[in-house]
């Protein structure tokens, strides 16, 4: 293995933890051209950040991401902060010639996202810097395998895509206020947080892009408890339902919600085509279901355990030994390192992610326009 | 048992068969106040109708539904024809003072449906005639049980309803043309045929009515093979996706399609509320899944086999012995006979069904208005 | 249709009801060479039997099965009584030249069963009478289809069979005493009642017969409440677990129990072979699961909805419309009528059923011998 | 965190990898009283062992486990070798006062296992050394939760246990010979390898021990291809089916096989009791299914996602984010470190594992005695 790839992680909460684990596990299970090494952790709180660094064997910690960007020995800026700081950090890192991995959604607004995509393109031309957005579910083996099957023509001509991301952590109207419920901090609600995942997954797996949308969103509870006993305003969507036309005349049905009681984390994608269907549910993440029309009377949904030889990212354990949520982050690390080492654009690029942001923006505009018709009209 | 209830079945195809079987099975398994007896079968083809009558032990057959309506010894007109003749037959039957059971959707247009609802109300006032629309899935034990649970408060405050009716018999672009693909004969496509079922089921089970919709429909294949080698035009929707606002601020997501490859007959309804969730899939018709928030760490979707004591329509066999598709028709017969014997309005009434028709109409208008927004705008 | 096939049903409880329904439904959905007509119902209680006859449109009723056997106008004696009277009735019917359909298990003892099989063979030679035992689950479409696949070589060389029949109606130690808990009336407990079904199903579907067994049975609760407040003795097995060697070196694992809490009626059969596997669970009775080794990385259990064209007994409704428990009885009626009309032996024959009885007998002897070894020896 | 716990891993294949990953991940996600540090890796091949050490950040590597045992700075000997060397290494390590974690099955014979258990007890008395056997599935959150529920009385009086471990890697008769097919190297076949897991899991979760067994084993293919084109003898069981009596009159049904076509790694345990049932399938490892009798008409199997607050080992990610196979090894590391730090016996102890070995021995003796009865006798 040649020169290591030196990384600074910016942000040490849930996503920072997932990334730190991934950078360390990836090279233990996969052959990589360069060994990723996290050399710096940056967080808001000096003490907590030092603790984080200690936990993950990261030699240095700090509280100012600008120092990370300025350091010449650092190759990669890995942005794991909330969405309101993505643009500023990424633009600075790209300007400094760093490779960038940025958590999703790429930004809080379409304008920021498009600025970031333009900056990434310019930086690449200028310095060879490469930028990627962390839609990690693409690297869930079942979805990667689904994508591969679509490329091989498994579904034939595609008619429809249906995608849902169902969570339930707000179904209790007394669940506490968190930053994700503020449009200023989070951009949007369920839409940007988890709707972005199904937009990316549906488009990427199917190979079709959304061309037009019609949307309905709801904010069911407009204020929630704060620690001090008062209530914080909720000014984002709690749930978003939208229909879409995709390229090639494909029809799409989408739902993202935090109010699907009992559904903890159900990201579902289903493709229906002339020759087959593919269905995935993250609740059952080690499996993908395939339906092949040509099987005639023996056709049915086949439940494939995607931990077997020939499946994507099968380097971990023998067949039938389940992978978990975090493994997709290791796979993302693997693909990022390989792309950087090869000087090739990792996907999803910032441009890919900015297109997702444009869809989110159209959904919000459509919901605001509220063009519903009534049966009693 | 007192006086039998004498029935004429109009229409001897798929639905006629389902009804004939139901009228005969119902009294063998359920205690009924009056015994239903099909005394006359009416079809288009004299020979086939006679054969149908022979098969089902029906003493008489004919080809003119007007004779059935005119006969004083007949109590019930059971309309099992395609939608384009529902209104004419039902109006005549109601005018003659007959009780009417009419297959769904009630009519091919909103105007017809509303005329039928008005006629039913007038006839009841004038003669005591009772009219019901055959949304038979209401009588699937699992959905009946779901309705009962909602009435008992199981879901608490309802946030969302999602409903799908997925079939795949048109996913093959060379599947032949049939009358269901003509707007003149069928009114609409997937929307009226199976979309009507999920509209009725979602509204009835939840107790909330649709107030506004935003819809997208597609006709993927606009002509299909006829027996003579030419192609027949398809001028109905192949798939319909729509969002809805229901009473009480409930958000709805709906899809009806004949292009969901591999899904033969998946009518699905899911309710998400503050205290619980209920999920049903017709593919697994003897079960309903319940989620109870109060169960805390032991909460999860519980798969209830609804063939046990205490469940609706459990009169058939011991617990764990599955019922099939046709049983819902027997239950419909049971409830119709009981309502008629008691002089009470059976549900869904024609007014209920006309409201479903108004929703179908709004969906069609919304789809025609095509108010989609584009991400690139 | 030629001359009807005139049937007397002996026994009017659960099984009598299932048979009466089946004889009436079969000719309405299937083309039959002779129309089955139940002309006489025989029960113990004159009033209840008359009521039963009225319910099912059976013209006559009586309380003496010997009169049914003696009547020259009756073609078929359909035995739906408990096991302790099977032998006597069947032997008399066969001696009178009647065709016989006898509920399972064929008898309460191996000796009776073998006498019945010999009588059936003799009667057939003498009068052409045909006898069949009612292991109705063979006619569940999913199991029929499984059998067909095995015949086509789907599983390749068979290694193993695993079969379970799990019920739970005795898991409550205070569940009341019933006749099925008396060895005098029922022969054995879970073993004969439901164990006989999995022995028949496993042997028939696989095409391999059990050659040797090693068994363990338990009676967990030895007395249960009677209506008068006293307790009735339980002298049959509550649960039976046995291993088996089948022809061709196949290994078998069997369990029949009434104490599998939460499992209402789970008859399961799974075959594992060199080229494929087949799995069935009656809880999900409209589906069979197939695994095909040759599918390589796309291999997985495929859930086949067996209501589609090309599947056995698909005459009922369109694809995806579920059948229920009772339909297997209609299919049994169809096959019986067709065999009788053709003068061919219907299966399972009394000889087939006597072989099942011999296996039950071996299981009981093995359990009684109690050759267990202890880890502490 | 106080003094680290210094560990030597002996064995660098599949299990060595699983353990190395676990020792490193455990302290990053769990609060531990001492930080585990793997300071030495020992393997047969110097080059590969050095590579292994490099991959996992282990400072030293070697080829002689005796040096590891002799080093005073090492606290724990972690035995990840095949079963034929367990006894020798463990006895030496215990004699040297080391804590020992030994992979399962504890040994290849009952005699060895009992010697190891005695040595562990003696070493503990002499030096405070603690020994544990690595039945890692105990630490799968779903099974840990099942155990906790049983302790809380969830199942009431237990009637039955059924346990299966189904794999299929030998269903192809041309699959190659490996060391696991030699009795000298592996002790037994499916029985010791995976049968030991279900014996341990069934006993531990239920709280009942096996008192007597009746077994049937098969070796379906007695020679398999070697790399040189010749065939290697298979002298172990391919599949083992056994019935058992457990303490308290509980009935057990067990199957371990490598010929269950299509079942990659299905470890299943089900408990049936008076008040409830618990079912687990490793194929669906983040879930456990619970049935509660008291729920009456709302009773059904409830699918619990065991990644939620209140569930065992829930420290990883938010609810609904799946764990994988390897996490159980991290949990095992957590529990081992905590027990060692507290000076308490970690479970399963060597005595626990020796009891499992005694059951394996009884199964083999019972199978050899071959006391089957034939139906034709």
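Here the chain labels run A, B, C and D in written order, and each chain numbers its own residues starting at 1.
Convention: contacts are C-beta pairs under 8 Å (C-beta built on N, C-alpha and C of every residue); 3 or more make two chains touch, one makes a residue touch a chain.
The structure displayed is predicted, hence computed values, not measured ones.
The pair with more inter-chain C-beta contacts, choosing from B-D and B-C, is B-C.
Compared with chain C, the chain whose C-alpha mean position is the greatest distance off is A.
The pairing of chain C with chain D is characterised as same-residue: of all residue numbers used at this interface, over half are used by both copies.
Separating the centre of chain C from that of chain D, both taken as means of CA atoms, is a distance of 41 Å. Between chain B and chain D the centroid-to-centroid distance comes to 54 Å (mean Cα coordinates, whole Å).
The mean-CA centres of chain B and chain C are about 36 angstrom from one another, to the nearest whole unit. For chain B, residues touching at least two other chains, in rising order: 299-301, 305, 308. Across the complex, chain C meets chain D through its residues 155, 157, 159-160, 162, 164, 168, 171-173, 210-216, 218, 220, 239, 241-245, 249, 251-253, 255, 257, 259-263, 270, 272-274, 276-277, 291, 293, 299-301, 355, 358-359, 361-362, 365-366, 369, 371-377.
On chain D, the positions that touch chain A within their shared complex are 14, 18, 20-21, 24-25, 27-28, 55-57, 167, 169, 264-266, 282-286, 305, 307-308, 316-327. Chain A makes touch with chain C in their complex at residues 287, 290, 295-305, 308-311.
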